[in-house]
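First chain A sits with chain B, and in the next complex the same chain sits with chain C.
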Partner chain A sequence: MSGIAARDVAVVGAGPAGLAAAVAAVEAGARVVVVDSAAQPGGQYWRHRPENVVAADGRGHHDWGVYLDLRARFDAARATGAIEYVPGRQVWMAQNDDGGFTLRTTPTVAPSVAPSASVAPPASVAPSDPAGAHPADVTAQRESVSTIRARRLVLCPGAYDRQLPVPGWDLPGVMAAGGIQAFIKANGALPGRRFVVAGTGPFLLPVAANIAEAGGMVAAVLESSSPVAWFPHLGAAAGVPEKALEGLGYAAVFARHRIPYRTRTVVTEVLGEDRTRAVRTARVDPGGRVVRGSERLLEDVDVVGFGWGFTPQLELPVSLGAETRVDADRSLVAVVDTRQESSIPGLFLAGEVTGVGGAALAVLEGRVAGASAAARASALSPAHASPQDRDQGEAPPSDALPPALSPADAARVARYRRFAQAMHRAHPVPDAWHEWLTPETTVCRCEEVTAGQIAEARDALGAADARSLKSFTRAGMGWCQGRVCGFAASCLGAGGGAHPSEASLAASAKRPLAAPVSIGELAALEPSTTTKGTPA
Partner chain B sequence: MSAPSNAAVSDIVVIGAGVIGAATAYFAAREGLSVTVLDKGLPASGTSSACEGNILVSDKELGPELELTRYSLGVWHGDLAEHRHLWEFEAKGGIIVASRESSLASLHRVMAVQKGFGVAVEELDPDALRAAEPNISPDALGGAFYPEDCQVQPMLVAAHLVRLAVAAGARFHADTTVTGFLRSGERIAGVRTTRGEFSASSVVNCTGTWAGELAALAGVDVPVMPRRGFVMVTEPLPPMVHHKVYAAEYIDNVGSSDAGLQASPVVEGTPSGTILIGSTRERVGFDRTVSTDALRLLARNAVGLFPFLAAVKAIRHYHGFRPYCPDHLPVIGPDERAPGLWHAAGHEGAGIGLSVGTGKLLAQALAGREPDLDLTPFAPARFGTAPKDQSAPREEASA
Partner chain C sequence: MSKPPSASGTPAVAFSFNGAPFEAAPGQTVGAALVAGGVPAWRTTRKGGRPRGLFCGIGVCFDCLVTVDGVANQRACLVEAREGLCVEGSGTAIEGGSA
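Then we have the complex of A and B:
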């Protein structure tokens, strides 16, 4: 088989969780390969401008010291070859085969950090290229990493902003709040001039702060919930002083830039002819119902950023059969044990895929996942890893594992998780959000499916879940495969403000291709040696 | 525990709301029968949502399946003409492409035979082929055009036929799994379900790939087995493929004396701009593990026909389990081993196309009339006349 030699541990994602997992695994003695679709390490949280263009200085970032520490250890392990780093490639399929995992990858972007030298072209390829030209090296290198094998797998693919449709959200100028932040972090420039940031949750604050600090005008930050909602949860929230301080930090930024912060307020419509020009806002009651007469027009807005919490990227865990559950924020997340191991032996998960909880929690979970995966990989020889053995003997007892966390860190994990649950409860998706829509409102932007078509499919054809809505209306069948509209469609299928079922969320998280891949690449797959079944 | 009994006794309980059950319910309701449709999930949650929507004449051999195909085409174009927009009915025609001299010769032979039994087919020389499909491979030597081949969106067919059946008086219960049969003496007199009992004069087993399991609950053997197929979906594109296009190369494998065409990979554009690349065939039971070999094979075939596809992204793939019988014919009609029980299942890779003809003929028979087409070739009795020996393991027949 071409592709790089089997490693002890493969890590997917080089954000807070993935970096921590890779470093922990390698420091526990494992040989590690890290695949990440971004051009350089950092993930969503520590996304920064291309390192080959400008040196990262950490401006606009939190916990930059944590990043620098992880990055230094990551780079040190790369230098010794203990970590093989494969940036700019996305895993489109993961397979759990005898004794380990196989990842199939496809190129996304040109890496801005050199990939590991150890995945350089094989000797037989290099001499045939007289000039030793760089592009050929890159091509050969990319081919050699299209298939990656490892005995244990740690998935840290993160999450993306959850979106809810409103009339006009398909206009240019409407972005995900995280998209605005990513744009600023990656380009050092603004995607517009005058912004409204709307939705719910504390993550709206750093986005607004980033815009203001990059020189943009924030016309308003609109939070559908209310600080009052925190009161019942203050016990949990106060357990995380960093969060309170962070809140204060934003308060200062908001005051300095005169950013209006309105609670119990939502955007009910985006207005404009061929691009965003204004938004209609409204006050809402705790259930999300618009307070009569509270609508206002906010003019001269060219970018609206929406964020309704996050949707964890579950396609890879789901495709491997990992057990899932619905979290307090109504997101589908994967179930893990205290070692961050999923219901699939040898498959570890960390970061937002196990429940949205922020970057600090992601780092701690990553450490546990990486160390546990390394312990598993070294405790079992490849021969021991066959499925039969897994069924019988299972892993070494957990006290044989190195303690990945100090008692203090374990307490921090518990505290962060409590905080996250409190946050989710304080910032729910308002039940009545569907009342802001008109029948003409586009719900699936890829396939241009409207709320009216969805209601009709639900009422006339009995399409009560995301799967049948997709079948009958095409919502979620387009380019993004329901990543944007999946949650909204599940809610609308349930109808009348009901919460979507786990089955409906799971149906919309099921994407057998975790990323688009060219037909040419599929045609070039190697035939498998163990063909099950009889072709007929 | 005494299960609640559901409403009045129906004339007919239809088990399964795939295309076959939906069509049966629709036509039975139109015959004036009282109909109750049950499905363990929502309409079109089985194989009917994991297939393609081809209605093909071009791949049929002379025999009962071709007769049923023709009859169904008449129903699609006739009885159901007013509804065609509901399920994106498109009479776009199919093209078989030959890229080797030997397969071109085979294709010509097959065309001659098909013409002999009345299939509409026109030869396409290289220029005509390129006019019809400008993006076809430069290797293509010629082809054949089948104007009768058409396409529907199968999930919409099932869902709308259920809706129309309900409008005609039928009742539909989703999330209702049949777990056993009610008997009145030797007769089947209804079903037991997770939501109570439903009594009926006749019960129709329209459970597709699961029809064997259902039949076993009634003590009879109906050897329907799963045959897995993968389909690949591309990113949306401007129109690049205008017909259903498939390769003639497999004709060589079939053997020159045999006029039969087996189903083969079909490349086709959909109204939304995506291109469907289907489909593989393999017998692996109900294995849902994704097969890279299947993806590879689909991709290779597709690029062979349309080289531009190499640079196009696949955004999704899915798989389904065709319900097939050892003799590759569906089972349609009353089961004399279990009076009161009827079957309409096992349509393999052609159930969408055959659904409406099946439903209409079965409804005629259920209403006690002589069906327009003789159903004898599809009779369950061909699998033996004795009730099933529960202990005998079933051999999987080879295809």
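Then we have the complex of A and C:
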């Protein structure tokens, strides 16, 4: 049936985790479909300029060789038809039905304004491939593949920058730190002239380094934590020596461009009438309390990049009922076993959604998830190439499947995870960040809900979690569905610097529609959700 | 204000923004072209009338919405600038390089 792709394994996301998962699944014999909201593979880490305009040369990138290897294998599998690649579409709904999964997708950019394919079709498939196994032209796919069916699902949707509101953070010129990174990588330009990068975590370093290397001025990098916070975790850090090397590389760039790096320092206010002009900075104690008299004005700044770690994109795993937990960085993440399988049989997760840990870990997790998903698909149906085969009987337990990683790679996974936990503990969201706000500070940017309104709903109406705050104040009800303010609102609801509860974070991650869709797409849902057909 | 890169040497892409001619380097998004071209905001909020432009840069926050060729609510950070596109903001755009 046209408009429906049916495969053994569906992978959502073509970043480090998704690319690795797709390649591993296909090399384990599965037929795979990969859907990604971006126009070309790479995800956040390997984001690059449109391939039809500028050949990607890996400048400003790390692990580019890993990407090129995955990409070559990905493209080879596309050429044989073993991977069907659906770029430029967002999954807005995922359902678990009939022993398989159904994904509904919508174009990321309206088809009438999207450019034609930026990724070349697979070499060996002529546009008029008589078998019609897979449309060679991505634009055609973008318009046609609205529904995806697969026996097994691997979700690798990644994360976005976590934000803490601060007075003036809604001024133009204030961006997510990763947003600046993405801007430079995707556009080969800078979003301004003189930058301040602030928040916490090692990710601030590559952002500042990329700005400087692209010709921008970095007035300061402000880190709320301090190197002292790493002392209890030096063992974990020593387990990943490449991180130390990377750090030395940034130190060299910082020295070359004379970038001031200040620890235990935060931006307490962004100033300007209609755009960013300056920031007020302050020294903070380990809890994030402003040290009196330490405020300074940093003028002539037109872009501020904030990054307080990352928030994994959990709406799809949550909507499918996958078990979650709160990680050391206080993010809601999905629980997986050693096969990267979630609490929902047949649903595998890899990358930042299982705990923020960086691209190298995402690749290893993706490999495990893809191989496990393929093994599961074929274990259930030896004739896995035939989608008519229905899943019968119980799935074999995970430990009955062959190991997906060599002992050496398994040890790397353990080391990266230890490093990530240490990083989260050394770079916490400061408990007292809410003290930087005034009652007028915007918390929910979409619905323009202020800190004062949230405090009132909490104190007068007992709205202590994201869900009740939403109904009383509309915080989290706008276009972004609480993606930007969800963490902050959960903190403010808990009050007094308390950590957000898992229930509140989960309520904030519950989004019936993972992307905005048209009324037409919603209406078209009706018949297929009620009829139980065979998968394509 | 930073200029579209000339590294590729390819001619600039011409589109219109609020009716006036605007340029992007090939492959740039509409949002990037606007910001790099000295327009940090092109939308005002419903309640407070506050100016907005790019924030998350990756399609998550919806701060950057524009109307493109008559299609409303497109994310400027994701739409690639193409020759002849007609881009409109809402409310008053802020123009003129900040520095």
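Note that in this section the second predicted complex is superposed on the first by the 469 of 536 C-alpha atoms of A that agree within 3 Å, B and C clash if a C-alpha of one lies under 4 Å from a C-alpha of the other, contacts with A are read in each partner's own complex, and residues count from 1 in each chain.
Here, a residue touches a chain if its C-beta (ideal position, glycine included) is under 8 Å from a C-beta of that chain, and two chains touch if they have at least 3 such contacts.
This structure is a prediction, so every number in the text was calculated from the model and none was measured.
Enquirer: Looking at A:S112 after the superposition, I want to know if it touches chain B, chain C, both of them or none. Which is it: first, second, both, neither?
Expert: second
Enquirer: Of the partners chain B and chain C, which touch A:P191 in the superposed model: first, second, both, neither?
Expert: second
Enquirer: Looking at A:M93 after the superposition, I want to know if it touches chain B, chain C, both of them or none. Which is it: first, second, both, neither?
Expert: Touch status of A:M93: first partner only.
Enquirer: Of the two partners chain B and chain C, which one touches more residues belonging to chain A?
Expert: Comparing touch counts on chain A for chain B and chain C gives C.
Enquirer: Regarding the shared-chain residue A:R149, is it in contact with chain B (first), chain C (second), both, or neither?
Expert: neither
Enquirer: Of the two partner chains, chain B (first) and chain C (second), which one does A:W479 touch, if any: first, second, both, or neither?
Expert: A:W479 contacts both chain B and chain C.
Enquirer: By the touch definition at the top of the document, which applies to A:R71: first (chain B), second (chain C), both, or neither?
Expert: neither
Enquirer: For A:V54, decide between first (touching chain B), second (touching chain C), both and neither.
Expert: In the superposition, A:V54 contacts chain C only.
Enquirer: For A:P516, is the partner it touches chain B (first), chain C (second), both, or none of the two (neither)?
Expert: In the superposed model, A:P516 contacts both chain B and chain C.
Enquirer: With both complexes superposed on chain A, which partner does A:R264 reach: first (chain B), second (chain C), both or neither?
Expert: neither
Enquirer: Same chain A residues contacting chain B and chain C, which ones?
Expert: 446-447, 478-479, 516
Enquirer: Which of the residues in chain A come into contact with chain B in the complex?
Expert: Within the complex, chain A contacts chain B at residues 93, 95, 104, 319, 446-447, 457, 460-465, 467-468, 471-472, 474, 477-479, 481, 511-513, 516-520, 522-523, 525, 527-528, 531-536.
Enquirer: Name, in rising order, each residue of chain A that touches chain C in their complex.
Expert: Residue list for chain A touching chain C: 37, 39, 44, 49-50, 52-54, 108-110, 112-115, 118, 160-161, 170-176, 178-180, 182-183, 186-194, 215-216, 274-277, 300, 302, 445-448, 478-480, 483-484, 516.
Enquirer: Would you mind writing out the residues of chain B in touch with chain A in their complex?
Expert: Residue list for chain B touching chain A: 42-45, 49, 155-156, 159-160, 162-163, 172, 174, 227-228, 232, 234-236, 272, 274, 277, 280-284, 287, 289-293, 295-296, 298-300, 302-303, 309-318, 398-399.
Enquirer: Taking the touch rule as given, give the residues of chain C at its contact with chain A in the complex, in rising order.
Expert: Residues 1-5, 7-8, 10, 25-29, 32, 35-36, 40-41, 45-48, 50-63, 65, 68-69, 71, 73-75, 77-80, 82, 85, 94, 98-99 of chain C touch chain A in their complex.
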